[in-house]
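Should a chain be cited, it is by its letter among A, B, C and D, assigned in written order, with residues numbered from 1 in that chain.
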Amino acid sequence: MAGNTFGKNFKVTTWGESHGPAIGVVIDGCPAGLPLCEEDIQPMMDRRHPQPTPVFNPYGVEIEAAPVNKRKEPDKIRILSGVFEGMTTGTPISIMIENTDVKSKDYDDLKDVYRPGHADYTFDMKYGIRDHRGGGRSSGRETAARVAAGAIAVKILDELGIKISSDITYLGFADEDDSAGGTVECVVTGMPAGVGETVFDKLDARLGQAVMSIGAVKAFEVGAGVMASQLTGSMNNDEFIVLDGKITKNTNNAGGILGGMSDGDEIVIKAYFKPTPSISKPQNTVNKNGEEVTITISGRHDDNVVEKAQVVVEAMVAVTLVDALFENMHSRLDKIKEFYR
Amino acid sequence: MAGNTFGKNFKVTTWGESHGPAIGVVIDGCPAGLPLCEEDIQPMMDRRHPQPTPVFNPYGVEIEAAPVNKRKEPDKIRILSGVFEGMTTGTPISIMIENTDVKSKDYDDLKDVYRPGHADYTFDMKYGIRDHRGGGRSSGRETAARVAAGAIAVKILDELGIKISSDITYLGFADEDDSAGGTVECVVTGMPAGVGETVFDKLDARLGQAVMSIGAVKAFEVGAGVMASQLTGSMNNDEFIVLDGKITKNTNNAGGILGGMSDGDEIVIKAYFKPTPSISKPQNTVNKNGEEVTITISGRHDDNVVEKAQVVVEAMVAVTLVDALFENMHSRLDKIKEFYR
Amino acid sequence: MAGNTFGKNFKVTTWGESHGPAIGVVIDGCPAGLPLCEEDIQPMMDRRHPQPTPVFNPYGVEIEAAPVNKRKEPDKIRILSGVFEGMTTGTPISIMIENTDVKSKDYDDLKDVYRPGHADYTFDMKYGIRDHRGGGRSSGRETAARVAAGAIAVKILDELGIKISSDITYLGFADEDDSAGGTVECVVTGMPAGVGETVFDKLDARLGQAVMSIGAVKAFEVGAGVMASQLTGSMNNDEFIVLDGKITKNTNNAGGILGGMSDGDEIVIKAYFKPTPSISKPQNTVNKNGEEVTITISGRHDDNVVEKAQVVVEAMVAVTLVDALFENMHSRLDKIKEFYR
Amino acid sequence: MAGNTFGKNFKVTTWGESHGPAIGVVIDGCPAGLPLCEEDIQPMMDRRHPQPTPVFNPYGVEIEAAPVNKRKEPDKIRILSGVFEGMTTGTPISIMIENTDVKSKDYDDLKDVYRPGHADYTFDMKYGIRDHRGGGRSSGRETAARVAAGAIAVKILDELGIKISSDITYLGFADEDDSAGGTVECVVTGMPAGVGETVFDKLDARLGQAVMSIGAVKAFEVGAGVMASQLTGSMNNDEFIVLDGKITKNTNNAGGILGGMSDGDEIVIKAYFKPTPSISKPQNTVNKNGEEVTITISGRHDDNVVEKAQVVVEAMVAVTLVDALFENMHSRLDKIKEFYR
């Protein structure tokens, strides 16, 4: 499983299981000179735990109180290296998040059962062994480590005048014993033109891997995306114009990426999330011994992960952009000469 | 632009511009002992040039003759290394395809113009210089090199009982001076379970990068894809069942991948292609000097690249699968011990 | 500084500074099914702290008592992930070693001084900032993390019947206020033939990088090494012979590696260590402001690091071999087919 | 054998066998804007074929005429991509060198014999198959492709004011039917301080891999190298001084690298070459069937490869430095901000 590192220049390696002692991340390639402390990272971590909101009816009357979060995960991070006197030093940044409030007993019943929509079966097929507690390595909890790395990437982007934001453009709804999915749109502003490589490491291709690597994502698109396949060239092409003396486009079906490189416009990507596979509704499945069984899943899980996952999309986008920005720095000899003058 | 290599174990590096002397690919990591000659590769190359078909009216009457292909590219490949007496030796396989029928003059008018939907502008932003002839490195012609590598990957998969096929599930239509897009669905059968890594290198994430790296692709999905975001968990989850004594699923919304690993079912992915940006209809744009101009694009280009690109999707899927299959070989100690016994 | 990871398949990423809260390592690519607990790793960690021995005169009379270790570093490791119920699961193994007994005050005087033979000056040149306490990231302490990873690699090799041992073949001697270097020879037995790649990733080239990356190593050789350059071909060539029905060589000037691949013989490499640059003798140097100053270095350091570094050489060799053994698994189609049958 | 690529940012991939139709190299990551044509590369290629010189006696009398080169290899290169109108474009540069004057017949007798000191046996052990003609992929001929890449690296270094030179500091001598080795020292001037990474990718560690990956190299050292292991700290440490207002060192035992990073001083490394294993003297060995045989090797080979290999050392050093220079560009946030301002 040598696939726990993302990025070439800004390298993010996550580790840890849902119910082990801790999870964490090592960021290798963070430049020296970035002011950084735990407080810079924590707010983005907290966004993985959106405040529960009450349900209102169409007349604005609260018909259901805000639910109490099922699992309290403070996601309290600790920086173990790479920062000295409040400043990054260029050495690897190790961040650890201890697992608290772990109730592994909850999962004993599911030890030998292959939960539909989960990685239980494939883990067994690949490794012949697995940590069955709460999804183990495949748990959504792993994304906390991504967000910690993402928070640092966001800080770097911020220094370069690049901003990331996102919206839930569709949020599914499901009865109390079922689950639903949704869609997150992520927008990047301030991206300089010409970042991204032109063949296999196209900026949209790398963003594709980054976003598709988030557990529940089943589709990814850039710009007009799926819709672009149904337009004609004259409708889909964005015309170049000159605005305030600068070259730009009058539309943005490209989503800010042309030929794999940023075009200076807003980068717009979308991630489609499947409904969480953990539902309390009874489901038919099979266990390790090949016997057909019926299960209902309790334990800590959410009806809809989209609100929680929104910040993970931003994190992965941020990490990808920083990586591409760094790689781009040695594209032109004149710039290299200027750097080493 | 150190992004011209795809894969870690089965590494594919393409090179070459549309109007240079040749294009090509180096495949590093092809195992020894695969029977291979030019004739094994050529048929897949030829599929990049689908036979033109006449247009029929709803009554089956031919209303338009089959058009003559605009550019004859025989894509005649030559193997320069890595094969000895009809067998791969484990050393890098270098394949070259000479560019013939090159009419660079056609592009002189477009030298300083940023064609809408093309990489002209971003290339200039990144490199400050570019080969403007026929798209240069960003030309669809680069995909010929991918297909050559894909053909070898397909041969390896074949030896392992794994088959790839694809369909155009939507093909747009456009008037003579415009262009259209479409959708390609690609299906893999015979894939063993447990292949793919579980975090950043999930099989669907890698397929995402692979497919999104094809020029005109704007969206990628696996299994139920976009649709999955609108289902409930109980609808989307595939129940495990036992069939003929083997564990399988009764539906395949997962598209054959769970937790980033193949589940033994058919792998199903979809690529959405935008319409070709090269259209003869007049378009407003801007040139290098920041002057607004109107252009009409002639030269060798297609109304719809989807038929041509279908085989490229298969090629990229094949390359990704071979790479993942190799990486998977050191996942379990018992298998490693068996290998080295 | 994206250079904190070693290996492609068995990937070792170290992090941490000498005087930060902790140091550690993430091992990505350890196969599932290896029995592993802290006790398996600790003994190799302890070898980084060789027992001090008394000095005897040529007549066997003790003339100097065993010195007391200058710094007590228990190097107590803790496994945070990747192991479940005493068995590796194939997910990344995170190991942390807390820094105890840290006396950062000792280094305040050296904050702005460039110690001769140390990385102080180059760190400042590269990053413009550095953690000056005890060498920071360049401290020998970083090698503790390597040894932890090496211990796991050694366990894997052990399962495959491959053994690593080493000897100090030369140990320099220096007066009490000076330091000395030495030579470590490392021998591998039981290595199967054909492991290692044939061009840039030759087994000896990778071992070269691995060993040269240990702080104080200034030269590396394989087999007859330096001496080979002074022999004739007929003296240096190892003749192949048949012994007990098996092909072997009658000498081993090659050091067990031919054309970058193991030849089934003992692998023999040698590392040459410079004397520790930290000496208490007064030295002339320069400080950050470009002023010439004289310094004497106190603090925790050793007269000779070779005894301590011996196990680091073994660790790096072990990690390199495991990586190469994994990569070798997809060299032949027949073996791949057998694997996936 | 996915080990035919060297470098992360300036990636060099070689391909080709000694007796196939051609050999070549793809350079991915060469920045745009470097003036480049075949004539820039050819002179360095030609240095792989040093002019034969006569042998003089101690009194200056020619006692032996200059021998005629055994094999004429013009090593005529052809650039197939990545250059447009005499300037690199940032896209991959593909270079091909056709194999001419190939007399494969010469090798038929050796088809099943394991030549001592060669990779024949290990190739068979690894791949079960091999191109036996003239060393195949393990032939010294592969280094021609390295030199072509090295010539481009040298050009880049030149633009940055960095120069590489080398000397044969020891050249062995052998009778007509035997062979000898030697030593090459390579010196780099003008290298800025702070280049190289601090842990596994130390500049000397990477140079170690680069140089050890040249076929006949059996030992590598930096600075005082082997000798450093026998000095005391006070002898080996280079004192920092101020000269002409700049910080420098009064000696250079470090060889221009401290803590894995360049210190601004001359970089000095040494490569020790074993004698060519191909000798005409009769040798005992074993064939594929395990039978003991005696062989004498004819065919195209040299008494001493050191003169030919000298330029290969320079090429590998150049490639390594360019790679490190590029990687270093994203070490500091202030420099990154300046770049993207």
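Please note the rule applied: a contact is a pair of C-beta atoms (placed from the backbone, for glycine too) under 8 Å apart; a residue touches a chain by one contact, two chains touch by 3 or more.
Just so it is clear, the model here is predicted, and its values are computed rather than measured.
**Q** Tell me which chains count as touching both subunit B and subunit C.
**A** In this structure, the chains that contact subunit C and also subunit B are A, D.
**Q** Give the label of the chain whose average Cα location is farthest from that of subunit D.
**A** A
**Q** Could you state the distance in Å from the CA-based centre of subunit C to that of subunit D?
**A** 26
**Q** Approximately how many whole Å separate the CA-defined centres of subunit A and subunit D?
**A** Here the centre of subunit D sits 43 Å away from the centre of subunit A.
**Q** Please work out the Cα centroid separation of subunit B and subunit D, and write it as a whole number of Å.
**A** The separation of the two C-alpha centroids amounts to 36 Å.
**Q** Which subunit D residues sit where two or more other chains touch them?
**A** 1-5, 8-10, 14, 29, 32-33, 90-91, 126-128, 137, 192, 198, 327, 331-332, 334
**Q** In their complex, what parts of subunit C are in touch with subunit D?
**A** Going by the criterion above, the answer is residues 1-6, 14, 114, 116-119, 121-123, 125-128, 137-138, 142, 170, 172, 174-175, 178-183, 192-202, 204-213, 215, 218-226, 228-242, 245, 247, 249, 253-255, 258-264, 272-279, 281, 283-286, 290-292, 327-328, 331-332, 334.
**Q** Which positions of subunit D touch subunit A when the two form their complex?
**A** Residues 8-10, 29, 31-34, 88, 90-91, 156, 159-160, 192, 198, 325-327, 329-337, 339-340.
**Q** In their complex, what parts of subunit B are in touch with subunit D?
**A** 1-5, 8-11, 13-17, 20-24, 26, 28-29, 32-33, 78, 80-82, 84, 87, 89-94, 96, 126-131, 136-137
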